[in-house]
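Okay, so chain A shows up in both of these, paired with chain B first and chain C after.
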Partner chain A sequence: MSRLDNAIHELNHIEDVAGRDQWVNNIHPLVKLALTIIYIIIVVSFGKYNLSGLIGMAVYPAAVFILAELSFKDSLKRLKVVLPFVCIVGIFNPFFDRIPIYNIGSFTVTTGMISMLTLVIKGVFSVLASYLLIAITTIEEICFALRLIHVPSIIVTQVMLMYRYISMLIGEVERITKAYSLRAPGQKGIHFKVWGSLVGQLLLRSMDKAEAVYESMCLRGFNGNFYYSEKHKFVMSDIIYFAVWLIILLVFRFVPIVRAFGYIFG
Partner chain B sequence: MIDIKNLIFEYDRGIRVLDNISLSCKNGESVGLVGANGAGKSTLLKLLVGIADKYEGEIKVDGLDVNKKNISKIREKTGYVFQDYDSQLFMPKVVDDVAFAPVNYGFAKEEVDRRVDKALTQINIEHLRDRHIYKLSGGEKKLVSIATILSMEPEIILMDEPSIALDPKNRRNLINILNNLGQLKIIASHDLDMIMDTCKRTVLLSGGRIAADGDTREVLSDKELLESAGLELPLRLQK
Partner chain C sequence: MHMADALIVPAVAATMYVCSSAAAAYSVKKVRLEYEPKKIPVMGIMGAFVFATQMINFTIPGTGSSGHLCGGMLLSAILGPFAGFLTMIGVLLIQCLLFADGGLLALGCNVWNMAFYGCFIGALLIWRPIMKSGMSRAKIIVASVLGCVITLQLGAFSVTLETLASGITELPFKTFLTAMQPIHLAIGLVEGLITAAVLVFIYEARPELLWGYKEEMQKKPALSFKTTLVILSVVALLIAGGLSLFASSYPDGLEWSIEKLTGSTELEAVGNVYERAADIQDATALLPDYAFKDSESALGTSFSGIVGSLVVVAVCVAACYAFRFFRRKRSVAS
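After this line comes the complex of A and B, so read on.
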């Protein structure tokens, strides 16, 4: 399987996982979207030296991984492209913020190191929460939830179409590169002289295809709104799920639970 | 059901694609639309569902003028099968794509399921229900693209080259399916043998004009007429 084939396969696999008939997948998409947003806001709101408080926030992704029966290893594989960027965010903190806090043997831990670690963990948790939302909610459900919170229809449509066009775009790239390699045997990659024309071709083809797909959607009743029948009516379990998580997240935000555990068991 | 009077259509650069077309099709009719490449077959179908616009003349579908005001009502009654199945299929799984129209028209889940099951059964592709679209063969994709419009239970079916990419068995299957559909069907195709098997009436387009409109056997057995329009006799009539 080529790398491009693999990318399409990965996209479809995530859709498969999101569309499974498990109870966490069947929670109302608005509840899952709201919890993800609240979670990210709470994570970001931690002070830059509050490492112990922040660690407690691992409870949400950990629980969702277990509830949704997702493979943590596979998920890390999928996130390996993004995570290094997240880790780079605070890389300069140790150089500018050099107040020593304590020593571990001869190694001095500075406030800059703690703030760097906090930033990295904030980034990782935010990315994980977003990934988990996608892994337990289909793109149509996310768009439906976005419309419920009155995100303008035009933006939501763009989000959905962009997602739909990704696999189409990858398909076009694959066709173009295959056609090129069949007529340029022995070449590694694509010669830089034809990059311009290939990218131009890709753009034109993608635009045509995108237009045709949009027309096809409109011909089958799509008008920018997302209709979901009784599958997505609020039920009591949605409200309980939301309320329980909200309480847990607020407790972890305002009560130093991890530090308390440290005192008890330390 | 479909009434076209003095239809003229030009693309932006002033190239006239359809020139003074008048055509009327009744409920339940099966009409073959044939012609050489560039004769205007696809354009004519697109005009009926408002994909192409800014035409001169009159187009009425089920008594409604094809314009912005009526277009959603017209599209609800009309199923359009694209020539390129990749344009028709955009959801990850077969079941999602076939359900796309009923979901968008706001039907309840039971009704959506019923329509999906019925459409898949009609085309004999129930076994593809949970398959990923990107893993299907060209022929399977073509059949799924037809199922996506059957789930709309349309009153009018427009098909642009429906037999492209189908192997002989699936082509025969499609012919049988089309013959069992009671709706008004307009089928644009170069597959003249399929047109002979599915349509009693044939409209021959040539240079954007109607060169012939009549009984399929008569139109498609007229060698001179077909050759003047850039076509050949159907294979079964060639010696």
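After this line comes the complex of A and C, so read on.
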């Protein structure tokens, strides 16, 4: 089951990169979360024909990739989850929206082609922004930021627990499916006769595990709430980082700055 | 089914965030009222369980393809609608952050399309009425299949509405809908059967784990397992028959739409078409008033625009590299 291996590998990889001691990683998580959301909102707010404005938005992912010293290659495989559906939705635009705008030699560029390209670029940028958030911020820090904006503790706590147990359960599923495939060689998936018992057994075991986890949490004084250390306090550099990016993003959105550069160099 | 950020505009995203937050606030209130601190770890582990089991491929008999488990229905059958809904929010958040399945901005839409329908409609309007007078294998199968099919249909319908409200696709509403609904009907049937198999196993092994199970309500099932299977197959056949009729008109519908919409606009020099093209040129060209030297062509204008964007990005990238270089130097020096 390569899918399960991939998932475990991806989880470990994200945890490794997010836990590094880089200066970008040490910025307040709320600042990074807010910037990511603002960036995605600005990206999707571009009109469907505003290709040139959208290209300028590459500045944020490009800069963070370099500042955080992240590998661009690692982020590419995340695109394959999102792009197919985005492409299916956008692929019809060139067929329905066929107003010609430019001619490059004998090739006619139509409005539909521009709108499809814009849609795909929006998809790529928003996925990259989410990847950058998770690659420079741990899940615990994101949960801390969510608590700061008053997301109910019940949601945040269970997200943290879920994250902690995902790798364990994926590992368990991997062992079960491996054992099954060794006993049923040449079979593509799980036979319908054992659908219920195979997953059901795992479910019962997980429920028992949840009980044991709960008991051990109680023994350590759990009363329904998690407490966070005072590690994260807003410092001047957080505010400067946020302000600088906010200004850059707004300038790129509303001021035709790229036009001026285009004039100078084009 | 997971919507990406690119498929929606901020207004639609905000509306769906408001709707989903309202449902979440209500669920949090309900779960707090129950006051079962034990439920939080169970929710966390069940979320991780759904996450992990969605990666298992189940072979669909008679076909070469495989199906997956339906999270919303399974969670609400075990945790109840409110805790199930909150758990699904966690699953969707982690899917979007760690595996890029869905998006941060589209989270409100995804929570609504998958968690709200799956948990609220699936548990409160389907599971609970069916289990009103006691549980049985047959009832669990009927509730799971019906629940998955109906909630997936509602979810697919919402995806269509949200995408169209965002003005992302040029596909006509009807065409988009006729492409989305039948696919999700098939997916719903398979997911329902897998979910039913798991829930029936739990019912036989540890029935007290199921939501709404009360021992004193249990009585002999009115329908045997075989009778239910026969009824379900007949229903499936009828649905499939209806679906194929529906589906057969789909390619024609699409062809008709393409011909209708594109045939008439083929490079015609009608006044308003030119006007629209000019507007779009203004929007896409970075230097609408400037062009190459001695050239007034639209191509030149837009080319300089794109060059402009790339140059700005390149300048920023270079600045970042410089920043990193000096930072490193400083840290080495210190």
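Odds and ends about this structure:
By definition in this document, the second predicted complex is superposed on the first by the 206 of 266 C-alpha atoms of A that agree within 3 Å, B and C clash if a C-alpha of one lies under 4 Å from a C-alpha of the other, contacts with A are read in each partner's own complex, and residues count from 1 in each chain.
We take it that a contact is a pair of C-beta atoms (placed from the backbone, for glycine too) under 8 Å apart; a residue touches a chain by one contact, two chains touch by 3 or more.
These numbers were taken from a predicted model, which means no experiment stands behind them.
Shared-chain residue A:Val213: touches chain B and chain C both. More residues of chain A are touched by C (comparison of chain B with chain C).
In the superposition on chain A, contact of A:Gly262 is made with chain C only, not with chain B. Shared-chain residue A:Ser106: touches no atom of chain B or chain C. When both complexes are overlaid on chain A, the residue A:Asn223 reaches chain B and chain C alike. Of the two partner chains placed by the overlay, chain B and chain C both lie in contact with A:Met168.
Shared contact residues of chain A, touching chain B in one structure and chain C in the other: 11, 164, 168, 209, 213, 217, 222-223. Touching chain C in their complex are the following residues of chain A: 1, 3-4, 7, 10-11, 14, 23, 36-37, 40-41, 43-45, 47-52, 55-56, 58-59, 62-63, 66-67, 69, 78-79, 81-82, 85-86, 89-90, 92-93, 95-104, 108, 111-112, 114-115, 119-120, 122-123, 126-127, 129-131, 133-134, 139, 142, 152, 154-155, 157-166, 168-170, 172-173, 177, 187-192, 195-204, 206-207, 209-211, 213-214, 217, 222-224, 256-266.
Across the complex, chain C meets chain A through its residues 2, 4-10, 13, 24-25, 28, 31-32, 37-38, 40-49, 51-53, 55-61, 64, 66, 69, 78, 86-87, 89-91, 93-94, 96-101, 103-105, 163, 167-171, 193-194, 197-202, 205-206, 209, 257-258, 261-262, 265-267, 273, 276-277, 280-281, 283-288, 290, 292, 298-299, 302-313, 315-317, 320-321, 323-324, 327. Listing the residues of chain B that touch chain A in their complex gives 49, 51, 72, 75-76, 78, 80, 82, 84, 86-88, 90-93, 100-101, 103-109, 112, 132, 134, 148-149, 152. Listing the residues of chain A that touch chain B in their complex gives 8, 11-12, 15-16, 19, 164, 167-168, 171, 209, 212-213, 215-223, 227-231.
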